[in-house]
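Below is a structure I'd like to ask you about.
Lettered A, B, C, D, E and F in written order, each chain numbered from 1.
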Amino acid sequence: MKSNKNLLVVSAHAADYVWRSGGTIARYIDEGANVSVLVLSYGTRGESNDLWRKEGISYEEVKEIRKSETEKAASILGVKDIEFWDLEDYPMVLGRKEQDKLAKIIRQKRPDTIITHGEYDYLNPDHNDVYDFVLRSSIMANSRGVQIEGLEVTKQMRLLGFEPHQTEMSNFKPDVIVDITDAFEKKVKAMECFKAQGHLIEYYKQRAIMRGNHARRVSGNSDYQYAETFCTHFPLVIDILD
Amino acid sequence: MKSNKNLLVVSAHAADYVWRSGGTIARYIDEGANVSVLVLSYGTRGESNDLWRKEGISYEEVKEIRKSETEKAASILGVKDIEFWDLEDYPMVLGRKEQDKLAKIIRQKRPDTIITHGEYDYLNPDHNDVYDFVLRSSIMANSRGVQIEGLEVTKQMRLLGFEPHQTEMSNFKPDVIVDITDAFEKKVKAMECFKAQGHLIEYYKQRAIMRGNHARRVSGNSDYQYAETFCTHFPLVIDILD
Amino acid sequence: MKSNKNLLVVSAHAADYVWRSGGTIARYIDEGANVSVLVLSYGTRGESNDLWRKEGISYEEVKEIRKSETEKAASILGVKDIEFWDLEDYPMVLGRKEQDKLAKIIRQKRPDTIITHGEYDYLNPDHNDVYDFVLRSSIMANSRGVQIEGLEVTKQMRLLGFEPHQTEMSNFKPDVIVDITDAFEKKVKAMECFKAQGHLIEYYKQRAIMRGNHARRVSGNSDYQYAETFCTHFPLVIDILD
Amino acid sequence: MKSNKNLLVVSAHAADYVWRSGGTIARYIDEGANVSVLVLSYGTRGESNDLWRKEGISYEEVKEIRKSETEKAASILGVKDIEFWDLEDYPMVLGRKEQDKLAKIIRQKRPDTIITHGEYDYLNPDHNDVYDFVLRSSIMANSRGVQIEGLEVTKQMRLLGFEPHQTEMSNFKPDVIVDITDAFEKKVKAMECFKAQGHLIEYYKQRAIMRGNHARRVSGNSDYQYAETFCTHFPLVIDILD
Amino acid sequence: MKSNKNLLVVSAHAADYVWRSGGTIARYIDEGANVSVLVLSYGTRGESNDLWRKEGISYEEVKEIRKSETEKAASILGVKDIEFWDLEDYPMVLGRKEQDKLAKIIRQKRPDTIITHGEYDYLNPDHNDVYDFVLRSSIMANSRGVQIEGLEVTKQMRLLGFEPHQTEMSNFKPDVIVDITDAFEKKVKAMECFKAQGHLIEYYKQRAIMRGNHARRVSGNSDYQYAETFCTHFPLVIDILD
Amino acid sequence: MKSNKNLLVVSAHAADYVWRSGGTIARYIDEGANVSVLVLSYGTRGESNDLWRKEGISYEEVKEIRKSETEKAASILGVKDIEFWDLEDYPMVLGRKEQDKLAKIIRQKRPDTIITHGEYDYLNPDHNDVYDFVLRSSIMANSRGVQIEGLEVTKQMRLLGFEPHQTEMSNFKPDVIVDITDAFEKKVKAMECFKAQGHLIEYYKQRAIMRGNHARRVSGNSDYQYAETFCTHFPLVIDILD
């Protein structure tokens, strides 16, 4: 593996990147890649249901808890470069200003791969909006005529989409399966930071087991125990001999 | 690359494997893989239109020409292990006997990857029949309870599908793009063996150029000049860090 | 049937809910459900073609006719709770303010089922915009962190989509078929209120006959004479024993 | 619930009906329905991999073990009417004779619902063949002109498809979700009969948990703990008021 | 219009071609085309439900009635060239012998257009089998190497698919809409020959009205009153200027 | 052909209409049609990569070059009526004001056919935005209640979509194929005006050759040498006898 690889992960809410790509992130970091995580909102309105059950809790209090949880989770995964935009969620407004800002980040970070939400999540319009936002911003970053403070144009990077909570109704198909066996323990610990979403921890542990089963079945390699899957926006230009 | 890789290519007619995977085959061989090609028919009835224009030519004569052409093409690509089943085409009968025979070959050759026709070619039912045949035979080979003369059961191999002649109407999407820049010259020479299908030589040269363009566009790597694409039956279990 | 059921119908234009769900509405009401209808626009610009043929007619005059027609139709169906937003149509602007307003209504009415436009109508962008609007608003209403004047969060309700005017090109598939045999007479009378769209009355009568035929064919129950169909956003959690 | 309902389950191999509909079967039986199970093969060749690991085991021995396991599982679920056709699997031959035989059974059992394999399982051609076979046989049974020993023609029954092992790649979407909370314990015990497929027991327990999560999320009803899902061949003619 | 056009219609059962293309056939004939109809079966088993209600009626009697009805209908449409294969239906066996026979007919009739069943009818496997059969036979006829008694190879003809009874669930989309206003009266009279399927006469009259509505809506031409639609296997090579 | 036909082509960037419909435009003009071209942006930011390689070049300079190139290209194709909106691209803002403006143009030009971008280009969000924009504007123009300065309402026109750069990943299927053999020379000359996109000239020449091959294959007419393809938004109401 080439240790100088750059990975950018863009997460709609505070915990999305952990549930859906925590193992993959940990693996990249373990192998020396530069991983940047961009968290657009804390999911205060839309993805903090359990916190809001506490009588009298305020928007700011919920936000602070979410922020602290996700910072801890990121730290467990080994993420050192994390940025929060603190946008409101449900709904999320991602306009021209945000596009310019992300395009600039892409030119600065120069990711070989961007991981974000897939094209369609039938339960969560925020996720769909973020997919659209990241795709558009990356295309701007990759276009020489889009001048951004003298930053060098980027080349087309790989674009991977998270597996959504309910896959089939969201038209999700796993295009690539990533073995996270070695990173699974870290992922579990990172997930456990999100105390108010305890039911999701078990849910995504079982998902990793299921995808590990699929990885073994599809590859004939019985070493895989846990896996995450992603869809791809682009065909893979791969060396099929490996 | 691991030089001990095994590749099995199953071709409905005499030239399919050359038009659609000639470059990929040459690359595998150049890097030391063991490549086996199985040609199910000579395409005497269905894919030798120009030869039949010669007044009075017989079925046997057409077949001999096709056989000699494909042997020459295989030799140019570096293929040493080629087998002909000499089935009739248009239509092609692929029953239980043929399935047992292919399952046995799969257990003997033990391919890491099988390349054959994709799921649907809207112009060519033979291609569809071969897809179905190869899929079923591979599943038998991979099942321990299917006992074949003491041959050891195989593990799930990768299954790639050729790009058909007309892609969009055949529901084909390129899942993987293979760089064939270094092998392109060999592919052209191999294609030139099929004298009676001269129009296809230029067609598939241009297709390799178009797919090279797509490979550059999608990967940001401007070194790719020529490419072939394939669809995948299974998700790819890949090391996305490469 | 449980007579305390709540149904909310959201209609882009003045007559959509009648053509596409008039029979279902009447049945709900007959069985004691609380039915609320929300009409977003009068369809003055986009769905009043015949009225505009009258020389010199004004926007306000067209609107008044449409309003009076739809009120009469609603009354025939038995609808007592109907609300008009009087938005402009063709195009329809449904922004954040409208989303907040609908989310509030959803929390007040607490529908068990929302019926609105389906995901895609290839002839009518307003319908698509309304689908998107209702889906997003319902997700906000169902999220505890979206605080709306102390109104209690709602639970996930069923979401059904109208059958569009031309179904196949709009990717519509009938997921559920509702028997409207007993309500058909009322539906016809309600449709007859829309004098300027006389050709549609016959059109939707025949549609109900066609769907009645399908209901019989698919269920083996020959009692069905007239039916309406809907697509579902969510899988149905049903007691299949019934 | 109407206790005189008839359910017919058609299973390609010995355990398919347990993994995929064991909970639903148990629920039907608990509520007084007449449930018949038809097992076409024992899965001796294709779905008994672990048994074949035992040195020197014979086809007949594997078959006997599978037979005894599935009989025990059926008994735990409460199934009293089970029939074995003892067809060979991998591949499975289902011709005209078998169609006539199943059509006759359908006319005798007169099922309100048939549950069998869904349209496409990308890993298992036997399952696809059984889907096609059951659909064709049911259409024959429902056609008055198909004369079968004086048996009365059947009416169109509901046709549900099992959830396959890997859903997304098999184009499976859950059309209906069935609550199996009360039947889950029985399902687990039934699954535990298949000793040679121990890894699948955990796999399908977790699947039931995942589908229970989906049932809660989609319905807003937090009582659901475990669920099974099915696709439907036909639209559902339902009373949406319930 | 070019009066020397050849049209071949292949119908699974005795009445399919009338319900689904009767108007189009009549129009072709009125304009001087040579129309041939091939009826593969009389639909004695699968599409004569009402006839079988008559106590004691025999297979031969049903067949004779169907034969006489379809001959009368063909005559009303102006069809002079009609051929019956008298195959059994439900299921229909269409093997190699039948393919050779149809390929020969195609070479003799040399149709510019073949109309037959579309790719998928979710209610009628016979229709799907006939689609597959006609496609395969036409590809054989169009291949020079398929030698048939010295008959000249045909060129690729247009291939249109009937609209099935239930369109949406059968994945049918209308690719082309044919105005049958002038031929509608004949079509109705032809349909009225099928006395035992009286409910279908009204069904297909209303379908023609619905498609006429669509034709007007899509074209902006208000002259269309009745229409039939078809799907196309191939893209249309058309002169878009007309 | 009817020489009084009106064609409107709407192009997101300066060269789109040339690459994708240059031959079709030239044919229309040669046969006497009135062709109007609307170029929404010069593609200065997003589709002028090579020009931006020149050190120190300014936005205005790039724009001027693009403008002059496209004017020359239009002139070669014979286009006399061309309009530039000079919008910014990457991203392109197409709001209510632009919709009103295009709706007005449509009422003035009264096109029988509008050609613009297809529904989905997976590499270019601008193209998708333009598709949506043109569709919405045309629907407004065709609606009598949308009053625009006394301009007469239009009837539904045909709506064709360009073939995108990478077709399969963009879900593009060629619904119609247009022979451009006689216009190909003009198209090549027009393409050669875009000096900064030299690689695309060869790309689209080869595409025209490939589509010519498809036109021959699909029609059986060997006269076609070069072709362009389009998708259709609406079914074609055609006289299939031609």
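In this section, contacts are C-beta pairs under 8 Å (C-beta built on N, C-alpha and C of every residue); 3 or more make two chains touch, one makes a residue touch a chain.
These numbers were taken from a predicted model, which means no experiment stands behind them.
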Between B-D and A-B, the pair joined by more C-beta contacts: A-B
Chain pair equivalent in interface to C-F, over half of contacts matched, among A-F, E-F or A-D: A-F
Centre-to-centre distance between subunit C and subunit A (centres being mean Cα positions), rounded to whole Å: 37
Multi-chain contact sites of subunit F, meaning residues that touch two or more partners: 123, 169, 173-174, 214, 217, 234-235
Chain-level touch network, classified as line, ring, star, complete or other: other
Subunit B residues touching subunit F - in the complex, by the definition given at the top: 123, 165-169, 172-174, 199, 202-203, 206-207, 209-210, 213-214, 217
Residue ranges of subunit F in contact with subunit A within the complex: 44-49, 51-53, 59, 62, 90-91, 93, 122-125, 169
Residue ranges of subunit B in contact with subunit D within the complex: 96, 99, 132, 135-136, 139-140, 143-147, 233-235
Subunit C contact footprint on subunit D (complex, rising order): 1-2, 5, 24, 27-28, 31, 33, 113, 142, 154-158, 160, 173-179, 214-215, 217-221, 224, 227, 229-230, 234-242
